[in-house]
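Listed below are the structures to be examined.
There are two complexes below, and they share chain A, which is joined by chain B in the first and by chain C in the second.
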Partner chain A sequence: MSGSATGAARPSPIGAPGGDLHAAALRRDDRRERLALFGLALPALLLVTVTMALPTAWLFWLSLLADDGTLSLVNYARMIEQPSYGRTFLTTFEVGFLTTGLCILIGYPLAYTLSQLPQRTANLCMIAVLLPFWTSLLVRTYAWLVLLQRTGLINSWGMALGLWTEPLPLVHNLAGTLIGMVHVLLPYLVLPLYGAMRAIDRDLIRAASNLGASPAQAFRTVFLPLSLPGLAAGALIVFILCLGFYVTPVILGGGKVTMVSNRIADDIDVFFNWGAASALGVVLLVLTLSLLWLTGRLARGVNLFGGGHV
Partner chain B sequence: MASSTAFDIRIRQLTKAYGPIRALDGIDLDIRAGEFLTLLGPSGSGKTTLLMALAGFLRPDCGSIQFAGREVVRLQPHKRDIGMVFQNYALFPHMSVAANIAYPLRLRHVDAAEIARRVEAALAMVQLSGYGERRIDQLSGGQRQRVALARAIVFEPKIVLMDEPLSALDKQLRDRMQIEIRQLHERIGSTTVYVTHDQREALTMSDRVAVLNGGRIVQLDTPQAIYERPACRFVAEFIGESSFLPVEAIDGVWHHAGRALTIAQPPERDGRRLLMIRPEWPFVLTGPPSDDRPTNRFEGRVANLIYQGDTVLIQVVLADGSPVQLRQVARGHGSGDLPAPGAAIVLGLTAADTVLIAEDDGERP
Partner chain C sequence: MSWLDRPASETQITHRDRLWLYGVTVLVLAFLVLPTLIVIPMSFSASRYLEFPPRQWSLRWYEAYFASATWMDATRTSLTAASLTALTATPLGTAAAYGLYFSRLRLGKLAFWLMMTPIIVPAILVGIAIFYAYVQLKLVNSLIGVVLAHTVVAIPIVMMIVTAALQSFDVNQERVARSLGASRLRAFVEIVAPQIRFSLVTAAIFAFLTSFDEVIIAIFVSGGSNSTLTRTMFASLRDQIDPTIAAISTMMIVVTTGLVLAVHAWGARRR
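Coming up: the complex of A and B.
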């Protein structure tokens, strides 16, 4: 893998002063191995720099340019002056929190069940969990549209079975957006959570119950705390992905759910205002990072990115 | 910690099958109150299964388990009030040492001051005073072992179970912990069931040892009786080293290779048996046969000498081709009195050391 086969150290004269036989050559080998390791990471580092760091800097620069190409804060001023921008940000974070919350409600019991199954069965079920990734996001979103609309499968069956009489407003609103987003994002929560839960030694639960904990107590005092890092990692991924969602709110939100990404698209496609779009991107980025920082402060001691720490 | 009255354990017909394999094959076992009993056996013998059934983590197919006369076989684990030390310690990684030890006390709604006092006492008992605030991952293997021990006894359970608690420790630490656990047992006085596959550990620590094989108890006795009078070849081979010579009774007299044997405690029934010789039992006869004490003689030839530091293992092939090993303490430098390989040798075995055992555990169907 490492490509650079570190050759045998060149023999240095025996009896070198200080008795450092081969010391320099061995140190050189050490350096060469570290360099080879760095070389492995280099493509990814380059990619991140070219596709992430530079464009983000470019975004900052664009956001500071007015329509006429002069430096100004007009793009930011507009966001404060027009209340609709504030509503968009609120909607974005609202959708983010609700989607993440629903994913946790659905995903935690699912991951728990999977983690308690025998490995083989769990692997099969995991494939089912990942199945949504096999079809395109657009196809899935339109499929939901077909299922959820007034004359869709769910409403027609529900009414045929007499469960409800008027078609439920399941689409072209927040509910439809959330259904679609939870469906898409659930695996992102389940995967890290399942990993963390699998890593929890079953003897710990046995020990808790041996020491007198009822199943509920054992869960609350041992299993839940140990699964929290995985839950935090999954919830974070889901939340961040939510903030940038575009396709699902557009199709299933029916224009009623305007997320930041929708406005960015409007600014570019409709108004050709790159400065305004960039400013939106910058504000979203800053808000998201502050939120992460705040969460990190609050959950100090909980290792967000480490998975299960057993 | 006040040594409260311990519980006795009564196990009847305990059976657990996994498909065609009987992990527990109708176990009957009485464990006395306050006793240190070891379940000893090779892997797959059912010793861990039996312990799990006692703790309540495993539901047997049938059978009865009674603690002090109370049936518990259907009782959930958290209601059994048993302390347990797990093989991997199972310490809660998200809690400090003190919180781990306080855990069973908090569940029992002991008040905070009392918890603090008892945690401190438990830490002192396992010689970890001052370690209460440490995180579990800051402890060495031996220290984790002690914390697990403290957590298992802090709530003064009447029964303590230990599942190979020393298997992850290095030999020196293991030897020390064996003595410490034994002393701890004597101080707290609770009935202790200890699982191990290490026969020396079992002999060192136990009041009695139950040797398991194939889901059954093949022998239940004191360490000395298990070692000196094993019930069958399996026990003799599993515990300690031994050589086996085929013997049979002719008109009530036991013979090996055509020569009559003097036996202190001959078996009641005739038939085929094995003469079991522990390597430290025979001695080298040098003079002519004497009748001072009844001694069986075995002529042979030295095949090999194996130096093992404190002892020398002498491998002998008897006249009829049977191999016998004997162990001699290596005394200082230049062990000139050792026989040379190839030399003729005569082994003596006292009548008391001439032990006949069954070829296998054919006692049961």
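Coming up: the complex of A and C.
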């Protein structure tokens, strides 16, 4: 136990013969116990190592090999030379930025209202935010497919109301992909943002108001800046998650939206090209980890899962 | 003075001035909740073309689901895999969380983050890494392969829940038990586990749901007679809009939201 450990590690008073020996024995015991405790993590650690860490290291190595097995950067050079890879990255970033932007646009007002509501009402609304969180991704994707198709609910209602006359192409394209992704990712923005907004000291708003700020001024000059760290953290999380999306682009994009993940799967399923897939995987991994690192730096003190109690 | 004219915040703004904001909020909440819920009435439609509201009600899509060997096999695989995942990930994750929490070695932090990677890195990377490993280990398309892969993804979730529980647990109680002569195992079983049992059950349920809902890894490593429900749904969605999936979706919504709400209700009652 750590408490007794620090006690035992303290040097024994001079002139107490055998004290040092005793302390050393205690230290040894403590060390042995801590290693034994660490051993409890070994089965899980072993499983992760065998199924993930080692294969990932191996894939990293594969990405550095040419078809004939010699060391080369051909798999990475291909990404720069072939325009189709450039398009894939462009699509990925385009989808990422648009999704993040849309999430901010509709997520900020939502989080703001929730943060102003009494705690009980806000918690109730939070269930509405969290329920989709735990509904299967495929179920939600299917729901959007049904709603957005040519004969779907949105098109038939829109035309019945006379809003538009021809069925709008809402699915099997970029629009469908974006709708589906915003739906999945919105809670990831709202949770940290809501947490940050709840943490804002409301006395500051009161002070601004007392000093003569209009409601809009108080919001713009006091509330908004204080909510920005939460917003930045949430937006970065959404963007990072966008980069790895696979299911939504396939089903709601109808094969027209190819993101990095889809390209990786194609390289393996269709072309059996492990080298190309690995190189793309390495790029995706490095991109994700560096953005996560950035988020960690920016979001120090922001609770990324604030408000989420499920 | 009506409710509308009362100040809505610390400033002089009234609820009336904020009506537009409340409107936007309701719309966004509807955007989050309604699309999923609308599948439920649609699944009872008698028509091939999913209408809302259905002109005629029927159970034909549920009948189609229960009559299909493919869907039944897939459902059995998914339920088995999810149960086994919960059974393996919960003890493994709990042991790891407990061990790392109390050992307080510097190595522990590294180990913790290594075990978190399956939920940090994009799923496609986990998918191809595990697929690559399984090609060597000859585990592709096997049930045990699916269970092991899902266990790896569920362990970090179990660890997060259990670590949070240990952080709020009064460690002195375990110390007392052990100073009175209980072994570490006995102290855990009799003192620690009963007090964090809510978190342990929650962890098991979320491990189950993680496996049950997982798509991408299942696409790579499951197949043949061991295809999971999500894999079969994905393949079907790629081709066409099969109304049977509305019935399956409804059942999945009932199962997952039922479990999550049960956890929520239990947690709320305990507080």
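The working rule: the second predicted complex is superposed on the first by the 225 of 310 C-alpha atoms of A that agree within 3 Å, B and C clash if a C-alpha of one lies under 4 Å from a C-alpha of the other, contacts with A are read in each partner's own complex, and residues count from 1 in each chain.
Heads up, the rule we're going with is that a contact is a pair of C-beta atoms (placed from the backbone, for glycine too) under 8 Å apart; a residue touches a chain by one contact, two chains touch by 3 or more.
Model, not experiment: these values are computed from the prediction.
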Exercise. Who touches more of chain A, chain B or chain C?
Worked result: C
Exercise. In the superposed arrangement, which partner chain does A:L226 touch: chain B (first), chain C (second), both, or neither?
Worked result: first
Exercise. Which partner does A:D201 contact after superposing on A: first (chain B), second (chain C), both, neither?
Worked result: first
For this session: Kindly classify A:Y246 by the partners it touches after superposition: chain B alone (first), chain C alone (second), both, or neither?
Result: second
Exercise. After superposition on the shared chain, which partner residues are touched by A:W134: those of chain B (first), chain C (second), both, or neither?
Worked result: second
Problem set entry | First (chain B), second (chain C), both or neither touched by A:L47 | second
Exercise. Taking the superposition as given, does A:S209 touch the first partner, chain B, the second, chain C, both, or neither?
Worked result: both
Exercise. Can you list the residues of chain A that touch chain B in one structure and chain C in the other?
Worked result: 203, 206, 208-209, 213-215, 218, 309-310
Problem set entry | Footprint of chain A on chain B - complex, ascending | 55-57, 76-78, 80-84, 86-88, 90-94, 103-104, 107-108, 151, 155
For this session: Spell out the part of chain C that touches chain A in their complex, as residue ranges.
Result: 8-13, 17, 21-22, 24-25, 28-29, 31-33, 35-36, 38-39, 42, 49-50, 52, 92-93, 95-96, 98-100, 102-105, 107-108, 111, 114-115, 117-118, 120-133, 148-149, 151-152, 155, 159, 171, 175, 209, 212-213, 215-216, 219, 230, 233-234, 237-238, 241, 245-246, 249, 252-253, 256-257, 260, 263-264, 267
For this session: Using the touch rule from the top, collect the residues of chain A that touch chain C in their complex.
Result: 1-3, 34-35, 37-41, 43-45, 47-56, 58-59, 106-107, 109-110, 112-114, 116, 125, 127-132, 134-147, 149, 151-153, 183, 186-187, 202-203, 205-206, 208-209, 213-215, 218-219, 243-244, 246-247, 250-251, 260-261, 264-265, 268, 274, 277-278, 281, 284-285, 288-289, 292, 309-310
For this session: Would you mind writing out the residues of chain A in touch with chain B in their complex?
Result: 201, 203-204, 206-215, 217-218, 221-222, 225-226, 309-310
